[in-house]
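Structures follow.
Here come two complexes built around subunit A, the first alongside subunit B, the second alongside subunit C.
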Partner chain A sequence: MAPIFRWGFMGLVLTMIYIPILVLVVNSFNASKYGIKWGGFTFKWYEKFWNNDGLMTAALNSLTVSIVAASVATVIGTLAAVALHRYQFKGKALLSSMVFVSMLTPEIVMAISLLIVFMALGIKLGFVSLVIGHITFCLPFVIVAVYSRLKGFDMKMLEAARDLGASESSIFWKIILPLALPAVAAGWLLSFTLSLDDVIVSAFVTGPGYEILPLKVYSMVRVGVSPEVNAISTILLVVSLVLVVISQLLLREDK
Partner chain B sequence: MNEPRALLNLNNLSKTYGSNRVLDNFNLTIFDGEFFTLLGPSGCGKTTVLRMIAGLEDTDTGNIQLDGQDIGQVPAEKRPINTVFQSYALFPHMTVFDNVAFGLRMSGVAKEEIAPRVTEALEMVRLGDFAQRKPAQLSGGQQQRVAIARAVVNRPKLLLLDESLSALDYKLRQQMQIELKRLQRKLGITFVYVTHDQEEALSMSDRVVVMNKGKVQQLGSPREIYEQPANLFVAKFIGEINQLDGEIVEIDGNHEYEVKVEGLKWRLHAEHNFKVGDKVNVLLRPEDVRVEYIDDPHPDQYLVGTVVERNYKGKTLDSLIRLPSGIEVIASEFFDEDDPSFDYSLNQKVAIKWVPGWEVVLPYEV
Partner chain C sequence: MKSSAGQFRFWAIGLASVWLTLFVFFPNLLVILTSFLTRDPQATVSLPINADSYVRTLDLLYLQVLWDSLRMSLLAMVFCLVVGYPFAMAIVSLPKRWQPVILFLVILPFWTNSLVRTYAIQFILGNQGVINKALLGLGFIDKPLQLLYTQFAVILGLCYILLPFMVLPLYSALEKLDVRLHHAAKDLGAGPLSRFWHITVPLTSPGIVAGCLMVLLPAMGMFYISDLLGGAKNLLLGNVIKTQFLHTRDWPFGSAFSVILIVLLGFMLWLYFRAARFVSKQGGLNGSDF
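Take a look at the complex of A and B:
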């Protein structure tokens, strides 16, 4: 009795979560334009996407922004986490709680405040403003990921390294970074995903000259769901899955 | 042994954290090649001294000299001193080999020299076959030995060990004590060991300093510290001790006194100078107390006590005996060939005495 319930419940939950995604993926290969009935297998929506210059440009823009933003956020975030963990300084407690506060800030608030800052500084809305905006909301996630990993280690190790003759830079490259690497990688992947599908901040801080995929898709959907969108979403899904698998492999390497 | 040569001098070290004075004008000389132990309860400042020697802690005042050179301004990574940490602090992402090689690589030892030296160090701690393991795959005792190998491979002038055995279970700790001692003799490196475990300190050290509240209480060989404690703190901290109250009634000259203890007059020896009427503590180790059946003939004077507890310990019979004054004395008696099966029943009256001269007489302290 109990196992039936358990499996039944699990099955129900998984169905709830995955049915919409499954329908989307199946429809991306559905020759029929309206996804109500199966009209045969096809790649034509992918071809249409591939041949749609506007969409492809937006996709490439999205990738560029996400890679740049995730990378910069990872470097700054990792260094910040190391500093927070390693050194004692005035205002440290305040700084670390402010990291959490910024994670909880509603995105719309962050979007508006970024826009105000860019206007005040006279930064033209486009690639640069978009990247800065994305770095801003990715940063706390990297800091938290790296910091919590560092906290899990016996930091007598750093003293031991010093005691054995390691300079500050050797300690960073030989001890801290290798230990934090899985969290650094996870921070990058998380930032990349957050950046790739961000709509709210992007809608505020990008300009008309620089279109990115989520916003483009959003404007397309307003006119009606085209099967091309299914194809794009499927590609995004596959990209995320691959990234998750990579991050899991990275984490396993550590053991 | 030759005249000992001073390797390390600590002069007037002080340290205050907030309002807490952890070290108070601390002076110490450590000789080349000795096994030296800093012993004291937690919070007595012993670990602070160790960290100052390592360079991991700044001194408020005073200086530290190694081989006559002031090393106060030399950072930890440049001192020819290595530490075995309490938690071992092995690098979890490196193999045992890389852990041990770390110090050599940092100091730029030639590549072809590293492998043989690491192998030698690992074989010394009998971990030759474990070089390619990760620390997580080793037992606590093995990790401990890696930590030791990682430190000694650098051939430091001084090896510091911070409560390094306290995480091990009793059996393993005993074994490691012997191993450490053997290693120290073999290497000839000066070991400075920090512990709160008096048994460990006595069994391993050439000399021990007993510390309390940032101050030296007594410095001496394990035997001196155990048999001639300088004050009540040392007496109580090092092993169990019975404390009787006494009063000087007569001075016989040359440190011999007539002392009234438990209503009887005893002729006792004391290192301190007392005058008539001074109150004193008469201290007796449990194994120095003699307990006899009251019906046996007693040529010397004795105290009469009542057995209130008896504990069979295998090697010894430990009895708790209440004296007429209400003070309870612990006696620890070995079974010997004369009377291999002696025992007491509760509430039995017994005669108590001790070997004259084995007591310690100190000025009265509460």
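Take a look at the complex of A and C:
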């Protein structure tokens, strides 16, 4: 491909990807309600969001769910990555194929399967079911991030530590975890973003008493124009963008 | 000391195994089981076991929905492939230093809220949207085109959200391609098009299948894209499943549709492993071959 054509094509695709996002962000500062004309710069939609108790509760709920889900997923996922990397055990192939399957399963299938299992186990729909659901779809991302970092390790170091009498858990705390920390942190940030942005799984496993922000946005967008949605959307976009950039910088360091 | 080593190992393996068994493996079995149960107004589902739900998916109305959903998702998939393949090729042909940057720019939106980005497309396609205003301003049209709430809008939205999933596997397949194969074919007189069809495409087929899988299956489930861009029509399988589960409360019927998705996933995985085996057999010029 000729370089001009190549750059032109890439530029075009990237422009198409980013223009809608840009238009949305600009409109969140547009004083004109319907976003048809530029009515001057304003923060009033952000203020409306700030002063809307229902929306703020939903935002706080979302934050709580995401922090709890990301943290639990990071603990379980990091341990699982260490296990898959370091140990031989019965059912290892089964475990890694479950990770693989849960990554590929369409979200809608995961959503209804979780809903069914919550009913079967008698877990009430609400905070707990949301957290369990979010941990489940974050888990494989943490495992893959930490596992690929561990693969780059020099295993001889661990063997040396063991020969010198270090216990398995002190090898983990003193060697593996410090070395894998950037990937662990990245795993947490990615899980947090995935959780904060999720619609499909949440739509199925949330209960009437526990509202979260993406679902609020979804129902607001469906009924029509409400400009504070632009403000909320912009905040959500900026939060994810910042976190993802940080996580990618963390993951890059060792390459 | 032995026991503490055993304990750490126990928790490291145990936690994830239990979690995934309880919330991935077991639930998927329950979906399959539910699809064979009978709807029950009190207990949601009950015995007897039967295949009625599957028989009902063959109803003309639902076959139509299935077909529409599959067709739209397939169109989105093809469109993503047509844009994604040259895009991935363009990235691979860049200097090594630039490749991760462009790749990152494509993947970045994946991590942002896809509902919000779907909503953003409304600004572009609406009657008062960017496209219509530009076309009106330039005098190409007299009244706004109906772009929003059409099947076209849904397909476009699916492509917009799912393009990164296509580019990523294609990029890693293309990156592995051995340039020496191209040089050899060129020396033997093969033109660029023939090299593309006989070398590039077959050797990147696992990437192509993986990309298609990662676009097609999620596409069928994305109910909010069809809701926001297609109007209140049940255009995608995801909408049907959602209606069956959350409104009609016919879980066996909704499960049957999900099982169709799982079967499709299985089929595409089979296709992927076949393609991967083909490449590892026919891939030729690995370092070890010299």
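Assorted remarks:
Everything that follows uses one rule, which is that the second predicted complex is superposed on the first by the 235 of 255 C-alpha atoms of A that agree within 3 Å, B and C clash if a C-alpha of one lies under 4 Å from a C-alpha of the other, contacts with A are read in each partner's own complex, and residues count from 1 in each chain.
Assume a contact is a pair of C-beta atoms (placed from the backbone, for glycine too) under 8 Å apart; a residue touches a chain by one contact, two chains touch by 3 or more.
Keep in mind that this is a model prediction, so the values were computed, not measured.
With both complexes brought onto subunit A, simultaneous placement of subunit B and subunit C is permitted, the two fitting side by side without a clash. Legend: residue contacts after superposition of the two complexes on their common chain; A:Phe153 is shown touching subunit B, with no touch to subunit C.
Note on the composite model: angle subunit B-subunit A-subunit C, taken at the C-alpha centres, equals 90°, rounded to the nearest 10.
Once chain A of one complex is fitted onto chain A of the other, the partner contacts of A:Ala31 are absent, as it touches neither subunit B nor subunit C. Of the two partner chains placed by superposition, A:Ile246 touches none, neither subunit B nor subunit C.
Subunit A has more of its residues touched by C than by the other of subunit B and subunit C. By the touch criterion defined above, A:Leu60 reaches neither subunit B nor subunit C. In the superposed model, A:Leu164 lies in contact with subunit B only, and not with subunit C.
Superposition on chain A places subunit B within reach of subunit C only down to 9 Å, the least C-alpha distance between them.
When the two complexes are superposed on chain A, the residues of subunit A that touch both subunit B and subunit C are 165, 167.
Those residues of subunit B that touch subunit A in the shared complex are 54-56, 75-78, 81-83, 85-87, 89-93, 102-103, 106-107, 150-151, 154.
By the touch rule above, subunit A contacts subunit B in their complex via residues 153-154, 156-157, 159-167, 170, 174-175, 178-179, 254. By the touch criterion given at the top, residues 1, 6, 9-10, 13-14, 16-21, 23-24, 27, 34-36, 75-77, 79-80, 82-83, 86-87, 89, 91, 95, 98-99, 101-102, 104-110, 112-117, 119-120, 132, 135-136, 139, 143, 165, 167-169, 172, 190, 193-194, 196-197, 199-200, 203-204, 214, 217-218, 221-222, 229, 233, 236-237, 240-241, 243-245, 248, 252 of subunit A touch subunit C in their complex. On the subunit C side of its complex with subunit A, the touching residues are 1, 4-9, 11-13, 15-17, 19-28, 30-31, 34, 44, 83, 86-87, 89-91, 93-94, 100, 102, 104-106, 108-109, 111-117, 119-124, 128, 130, 160, 163, 213-214, 217-218, 220-224, 227-228, 237-238, 241-242, 245-246, 251, 254-255, 258, 261-262, 265, 269.
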